[in-house]
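For reference, the structures are reproduced in the following blocks.
Next, two complexes with chain A in common: one pairs it with chain B, the other with chain C.
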Partner chain A sequence: MEWTEENGLLLIPLGLGWLAVWLLMPSERKRPRILGGLAGLAAILIMQMMLLPPAGDLVRNALFFLFAAGSVISAALMITDRNPVYSALWFALVTLSVCGLFLLNSAPFLAAATIIVYAGAIIVTFLFVIMLAQQSGTIGNYDQQPLQPAMASLGAFILLGALLFTLQEWGHIGGPDASQHAMPGQFITVPVELQPNPLSQHPPDNPHEIGSLRVLGRSLFGDYLFAVELAGTVLLIATIGAIAIAPRRSQGTL
Partner chain B sequence: MLEQIINWFPEWARPFIMPMLTIAIVLQVNLGVCSYLILLERKLSAWMQDRIGPNRVGPWGLLQPLADMLKLLMKEDVIPGHVNKFLYVLAPGISVFTTMLAFAVVPFGPVPSNLSATDGQFPYIIAPGIDLGMVFIFAVGSLAVYGIILGGWASNNKYSALGAMRASAQVVSYEIPLGMSVIGLALLTGSMSIEKILLHQANAGIWGWNIWFQPLACVIFFAAAMAEAQRLPFDLSECEQELVGGWHTEYSGMKWALFFLGEYTHVITISFLTSILFFGGWHFPGIAESDSNYLGSTLVKMLVLMTKSFAFIVVIQMLRWTIPRFRFDQLMGLAWKVLIPLATLNVVCVMIVKQFHLNVWWLLPMSALLCLGAGLIGTQAKRPFLRRATPPVDKPHGHHAPAHAH
Partner chain C sequence: MTQVSEMTATALESQLIVGATLFVLGVIGFLTRRNLILIMLSAELMLHGVSINLTAFSRYHGNPQGQVFTIFVLTIAACEAGLGLSLILSLYQRRKSLDVLLWGKLGEDDLPVFTSPSNLPVQVPVDPNADYPHLSPSGRMPKTQPTTPTKT
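Entry: the complex of A and B
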């Protein structure tokens, strides 16, 4: 019974969020979209109350909530927008907001790299949308409605619940900041104090250097060399495969 | 003097004064310079084509930019009925915003080494001390194409859409050589920060300019950056002969002008970057060394940097009437088959020099060799790597094929 007392609160925002996404999804029948929007806002507000307040200064907190709310709301709109082109644009906003969060947490390179990678990727998505999606006015509306809206969003929210539950467990252990012990139903705070990676073989000498290019490079090519090389090899194999599959000039295309 | 002015303000506002002042100055100078660069481009075009060019408004046509500006401002603000209004209005804004944002990390004078926001020193850069420098510029630059593709798509016009498609493919391809070309510089300097790359060259003197060690990277950077800015010979996306006006076909008045303000700001940024990254920035032997400290030396350094950048702007404008526009497959071929392999090999050369502690001057013959090799491969009649486009032969298919072979 103690478990439900501690974690039952978690079900409220999750359920509300699921209801919101399901109501907002495009469908043939008229669904009360305003109700969906209200449910979504309620879910976000309850979730915000369950987070411990981040212990930064005013500007930092304001920016954190701006980027966090921006990414969550844009993500919901990306899934529920009727027009695939707008979905691609909402995806761009999600990426930008998440990059803002990276910047707040002293990871400027990660933010810049994410923008470089995803900006190009979203442009390609945009091209695919223009090429493949049915434009309005054509027969049928297969692109305009989801196939399994209820089940798909339920699955996604179960995953989200599992993630939040794990975070909550971490908060109970104490997390990065043991002084602010989480109350039942509350989650860990957003870490403000920067700490060097405890697993690193070459921790930075200067605490100001955390998150800088130099330290990041040392970490990537020192501590995580095997993972980096493995990822590089996988990408190389994919590139070679793409070239091998592509038709030759002598075969008449390209 | 500036420090006293700053001290008039309340405590909390002081850190914002200098950045605000810098932004205001950069913005105003940029707007003025852009309009006169357009006049210069028109005059240069006229000169190269044996015409006179604009000469009616003011002496030698010097007031022409003002007349143009008035015309653009007074024009009716047309929004065609068939467009997606929100994105149609948003697109020029994105175009200007992103290109201006990229200029934030470009130093336009000697950046003081001990800079703090409140001691009244003029910073000569909008956002000092950004460790990422180049990476930031690439990140912002990759967002700039959204202005074009959104404008093209929102216009709901086939010409615009085709222009936007071409632009997106072009920008996504040319980002790769652009980023690869400066990796060599980062390896040589040990930093991605533009200020640090500049200081490194200024301390080393004229024989420490990066152009001596990375001439190939300089050419690749310049070409790829021009392609990113959609300047001729890479302006496939607005190609007047095929696409009317490309992605800006449906735009007019001030919204159209904003697109071109963005393009010109991009050109200015490229010129500044090329002169800073490869030609020593504000350093010039004799008059602007890193230890020259005479009265007005800061101004001289700034003028040196401006002169270098101006020279590159003129080069970009003259290239416009020198090299004809590429065909689309040539454009993609140039990026994927020439620039990217060359940039990769260039990085490998720098790595070899750094790894075996060779003299940096080995990089000059290495770059020349790479250039020569690429030229040889490119001009050979029987190309080993680039297969010629042969018209598809009607070959018999399936199991009949071997019978015909004999």
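Entry: the complex of A and C
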């Protein structure tokens, strides 16, 4: 009983989210998709109210909720859209929203790189493949009949619930002093300390320029030089493999 | 410890929740969709959720490790997309369909076929090369009488 009093509020947005995803999934029978959309919006609003009231910079909070809601709504529409082309376009919107979150996390270089790599290369390649494979323009029946939508989304939302409950429990463990115990609805209270990078041979960076090119480049090509070389090798090998695997014109057209 | 990150715990927890939600939506897409391309897109969605977590912790702790790791995630995502799409193209060339249920059976012809519990109808596309002679698949006795070529 005590557990339900403390954590039961979380069950409402989880259940609403499951209902929304299940209703939005394409199926043969007509389902009220409007209801699904309303349930999803309600879940997002309740989740937003369960977070602490915005304290501090109002513009920052507003931008955060804009990008967060945009990414979650676009992701839900991406996995439930019947048309794979629209799904790829929704994924582009998810990428843009996530880049907004990166900007809020003071990672401008990362945001630019993600937009260039994802929106500029990966999504375009996906669209090319979709249009190559579905030249007739008709949507296959496999896009209208998902595999076990109710059970899969139920299991996934149980996973989400477990993650959220774990975050809440983490808050209850508390910080070093008793004043940092979690308030109801607050998830994490860990002391905010600036930890220097234990691997770095350089003095700790100014926290206001974490995402700047100078700090990032020094970390990449100083502390992680071996990993960067490895990543370059992996990229080269993947390119060779993709060229070797892809079907050739001599083996017949698509 | 004089420099304290201006990011509060609230901001960190909100970002963790957004990351977890994106990851879970990606899991749902990965499990339910039957289009091979959408399965790969859902995997990329899960990577986005992980990237949000990494950058949030990077900001919270005030060091660039998380962002460096996100750059590696980006690299691996690009490799995965290239390799996966070329695999999907060669799979499409064989079956002329992107349905993942067509690949539920990778065994020989006389082994029992995997059937999905929901008995979804699988639309096998018409093979445009059906008129050409086919080799009999391995593991089965070849036909003694020359008959009309059958679809495989």
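One rule holds in what follows: the second predicted complex is superposed on the first by the 161 of 254 C-alpha atoms of A that agree within 3 Å, B and C clash if a C-alpha of one lies under 4 Å from a C-alpha of the other, contacts with A are read in each partner's own complex, and residues count from 1 in each chain.
Operating definition for what follows: a residue touches a chain if its C-beta (ideal position, glycine included) is under 8 Å from a C-beta of that chain, and two chains touch if they have at least 3 such contacts.
Quick caveat, the model's predicted, so the values are computed rather than measured.
Colleague: Using the touch definition from the top, say if A:L216 reaches chain B (first), chain C (second), both or neither.
Modeller: Once the two structures are laid over each other on A, A:L216 reaches chain C alone.
Colleague: Which partner does A:I130 reach: the first (chain B), the second (chain C), both, or neither?
Modeller: both
Colleague: Contacts for A:A152 in the overlay, against chain B (first) and chain C (second): which applies, first, second, both or neither?
Modeller: second
Colleague: Name the chain, either chain B or chain C, that contacts more residues of chain A.
Modeller: C
Colleague: For A:A92 in the superposed arrangement: first (chain B), second (chain C), both or neither?
Modeller: After superposition on chain A, A:A92 lies in contact with chain B alone.
Colleague: State whether A:A112 touches chain B only (first), chain C only (second), both chains, or neither.
Modeller: First partner only.
Colleague: Is A:G120 touching anything from chain B or chain C once the two structures are fitted on A? First, second, both or neither.
Modeller: first
Colleague: For A:S71, select first, second, both or neither according to whether it touches chain B, chain C, the two together, or no partner.
Modeller: second
Colleague: Would you tell me the residues on chain A in contact with chain B in one complex that are also in contact with chain C in the other?
Modeller: 109, 113, 126, 130, 252
Colleague: Which of the residues in chain A come into contact with chain C in the complex?
Modeller: 21, 25, 47, 51-52, 55-56, 64, 68, 71-72, 75-76, 78-79, 84, 87-88, 91, 94-95, 98, 101-102, 105-107, 109-110, 113-114, 117-118, 121-122, 125-126, 129-130, 132-134, 140-143, 145-149, 152-153, 155-157, 159-160, 163-164, 167, 171, 186-190, 192-197, 199-200, 204-207, 210-211, 215-216, 219-220, 223-224, 227, 231, 234-235, 238-239, 241-243, 245-247, 251-252, 254
Colleague: Across the complex, what residues on chain B touch chain A?
Modeller: Contact set of chain B toward chain A: 130-132, 135-136, 138-140, 142-143, 145-146, 149-150, 153, 161, 165, 168-169, 171-172, 175, 179, 191-192, 387, 389-390, 392.
Colleague: Can you list the chain A residues touching chain B in their complex?
Modeller: Contact set of chain A toward chain B: 85, 89, 92, 108-109, 111-113, 115-116, 119-120, 123-124, 126-127, 130, 212-213, 249-250, 252.
Colleague: So in the complex, the part of chain C that touches chain A is made up of which residues?
Modeller: Touching chain A from chain C are residues 1, 3-18, 20-22, 24-29, 31-35, 37-38, 40-42, 44-45, 48, 51-52, 55-56, 58-65, 67-68, 70-72, 74-83, 85-90, 92-93, 97-101, 116-118, 120-123.
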